[in-house]
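A short worksheet on the structure shown next.
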Amino acid sequence: MSTQPPLLFALDLIGTFVFGLNGALTALRVTHLDVVGVVTLGMMTALGGGVIRDVLIGAVPPATFLYWPYFTLAVAGALIAFVLNRWLDRVGMSITVLDAVGLSVFAVIGASKAVEFGLGAGPAMLLGVITAVGGGTIRDALVGQVPTVLRSELYAIPALVAAAITVAAIGLDVYGLAAALGAVAVCFAIRMLGVRYNLNAPRPPGFSETS
Amino acid sequence: MSTQPPLLFALDLIGTFVFGLNGALTALRVTHLDVVGVVTLGMMTALGGGVIRDVLIGAVPPATFLYWPYFTLAVAGALIAFVLNRWLDRVGMSITVLDAVGLSVFAVIGASKAVEFGLGAGPAMLLGVITAVGGGTIRDALVGQVPTVLRSELYAIPALVAAAITVAAIGLDVYGLAAALGAVAVCFAIRMLGVRYNLNAPRPPGFSETS
Amino acid sequence: MSTQPPLLFALDLIGTFVFGLNGALTALRVTHLDVVGVVTLGMMTALGGGVIRDVLIGAVPPATFLYWPYFTLAVAGALIAFVLNRWLDRVGMSITVLDAVGLSVFAVIGASKAVEFGLGAGPAMLLGVITAVGGGTIRDALVGQVPTVLRSELYAIPALVAAAITVAAIGLDVYGLAAALGAVAVCFAIRMLGVRYNLNAPRPPGFSETS
C-alpha cells in the first residue's frame, strides 16, 4: 500500500475507518455487546477484506500488520461508534451508507493492489470484489446473519463495476486519484440506488416462496 | 494444477462445475436469493476448498485466480442451476449427489496437489479432506446451517479414504487416471451408501437427547 | 515451533490438547454430533488459531501440517472428550476452564512466534490475540453461536495482556519458561475472574435492551 499515491492511501484509510464505524454499529444494533466485542467486530469488518486480499496475493504479513494507521483507524472508528452511537443515529449516519462507502473504496483499492502484485485483469477484478465484500461477510457470519453479499440487494455488482473501472484505467495508464474517485462514486451510486429503490438482480425462473 | 495429466485437470474442472451447481441449488432452496447471491454462493462452494488448500500449501495466488476455467465453470454451474432449477429437480439431480461428486473429486485432487508441493503422506491426506469439505463448509456457514462435515452422516471419512488411496498410489508410483477414478469411485460409493442407509459414525457413550 | 525451547513447545502441545477436548465437548453439548463431527470440531478448535497465525505470518504450510504431535494431540483430546464426556462433566472439567487454558497458552505462543518471524511489538501482540481466539471463533461460528470473543465476558483482553507480557519479555531479553508461564497465569487468572464475577467491559452509553 505504501507504494500507492498518497491520496489513494488516504482513500484506503477512509475505507478502514468507515468499516470500523459500520462493524461497531452492527455489533451495537444486531446483538448487544460490550466495548471489547464492539471494537473486535469493528476491527474484523474494517480489516478482514484487506487481510483476505493480502493472503490471496501472497502479501504476508498483510498490510494491516505492518502499517499501524489501519489498525488505529479501525479501532478509532469502532470506539467512536461505541461512544456516539445515539448521536450517529440522530444525524442519520446509517450502517448502510457507511457500508456502501467502504464497499466502494475497497473494491478500487483491492483491484489496484492485485494488479500491482502481477495479477491479470480478470483475477484483479475478482480480488477487488473479495476485498470489498470480505469484511462485511465476516461481520455478518459472526453475528449469525446471511451475508449482505448473498441477500437480495445489488451489492457485489457495484463492487465489480468499480473494480472493472479501476483495472481498465490502469490498463489505459490513466489510473490516478480522478479515476479512483470516479470508480468509487459509480460504485457508491449504484449501491445506494439499489438500496433506495430496493432494486434486485433477477429472480430465478419459476421462483416461489415455497422451498 | 497445470502440471497434472490433462485428464486429472479435467476431473478438477468437473468437481468445480458440480460444486457450482450444488452451491447455487443450496442458495435457491435453503434461502431465497437473487441471481447474484446464487452465483456468489455457487462460486464460494466451488472455489472455496481449492483456495484454502492453495493458501495452506503456499501456492498463492491460488490456481482459481490464475486459470480461468475454474472461475468460468463455477459461474456456469451456478447459472445453469439458477435457470434450470426446476428441471434439475424433476430429473432427480439432487444437491446431495452433486455434493458427493465434488467431495470425491476434490479429495483426490487436493491430496495429489499437496504431495506435489512436498507435503508428507499424513499432511497430504489432511489437505485432501480440507479441499473436499472446505467449499461446502463455507457454503453451510454462510447460510446459517451447521456444516455437513459436522452433522451426522458419513462425510469426512469417505474423503479421507479417497485421499489415502491417492497418497498410497503416488507412493507406489501407480498414480494416474485409473487410480484417481478408483479413489473417486470409492469415496462416492461410501458417501452415497451413508446417505442411502442413513449410516452414522458411532454416537458418544451415554448419549441422550438432553443437552 | 521446533526452534522454541522444548518446554515452550510442550506448552503449545498442552494448548492444542485442551482445545481439542474443549471443541469436542462443545460439539457434544451444543449440538449432537457423531464421533467424526466431534473429532472434526475438536481439531478445528485446536488447530484453527495456529493455522490462521501461520498463514498470516507466511509460515506455510502451517506447523500443524508439518509436526504430527499437533494433529495427534488435537484428535486425542477430542476422542477422550467423546469417550469420557460424562466423567469429565462429573469431575467438573468444564468447557470454560479448558477454553481459558487454551486461550492463555496460545496468546503467549502466538505472540512469541510472530516476534520470531520478524513482526514488530504491536503486530505480534495482535497475532497473539488472533492465535488465542481463532480456534474458538471458528468453533462458535460453525455451531451457530455468536463467538465468545464478541460476547460479554472478558475474553480478548486477558489474551492481549498475555501477548503484551510475552512481547515485553522478549524485548527485555528475559523470555523463557518463567516469563511464559507467568503470562499464561495472568491471562488465565483474568479470564477466570471475569467468568466467576461475570465481569464485563463497559457497556455503551445510553445502552438499552431495545435494538
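Note that the chains take the letters A, B and C in the order they are written out, and that residue 1 is the start of every chain.
The criterion applied here is as follows: a contact is a pair of C-beta atoms (placed from the backbone, for glycine too) under 8 Å apart; a residue touches a chain by one contact, two chains touch by 3 or more.
Each chain and its UniProt protein: A, B, C = Glycine transporter domain-containing protein.
As the structure is a computational prediction, the values presented were derived from the model and not from experiment.
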(message) Give me the C-alpha superposition rotation for chain B onto chain C, in degrees, nearest 5.
(response) 120
(request) Mind checking chain A against chain C and telling me if their interface is mostly the same residue numbers on each side, over half, or mostly different? (result) different
(request) Just give me the whole-number Å value for how far the CA centre of chain A lies from that of chain C. (result) 29
(request) Scan chain B for residues touching two or more other chains and write them down. (result) 55, 141, 144
(request) Using the touch definition up top, name the residues of chain B that touch chain C in the complex. (result) 55-58, 117, 119, 122-123, 126-127, 137, 141, 144, 146-147, 149-152, 154-157, 200-207, 209, 211
(request) Could you please specify the touching residues of chain A with respect to chain C in the complex? (result) 27-38, 40-41, 51, 55, 60-62, 65-66, 68, 71, 82-83, 85-86, 141-144
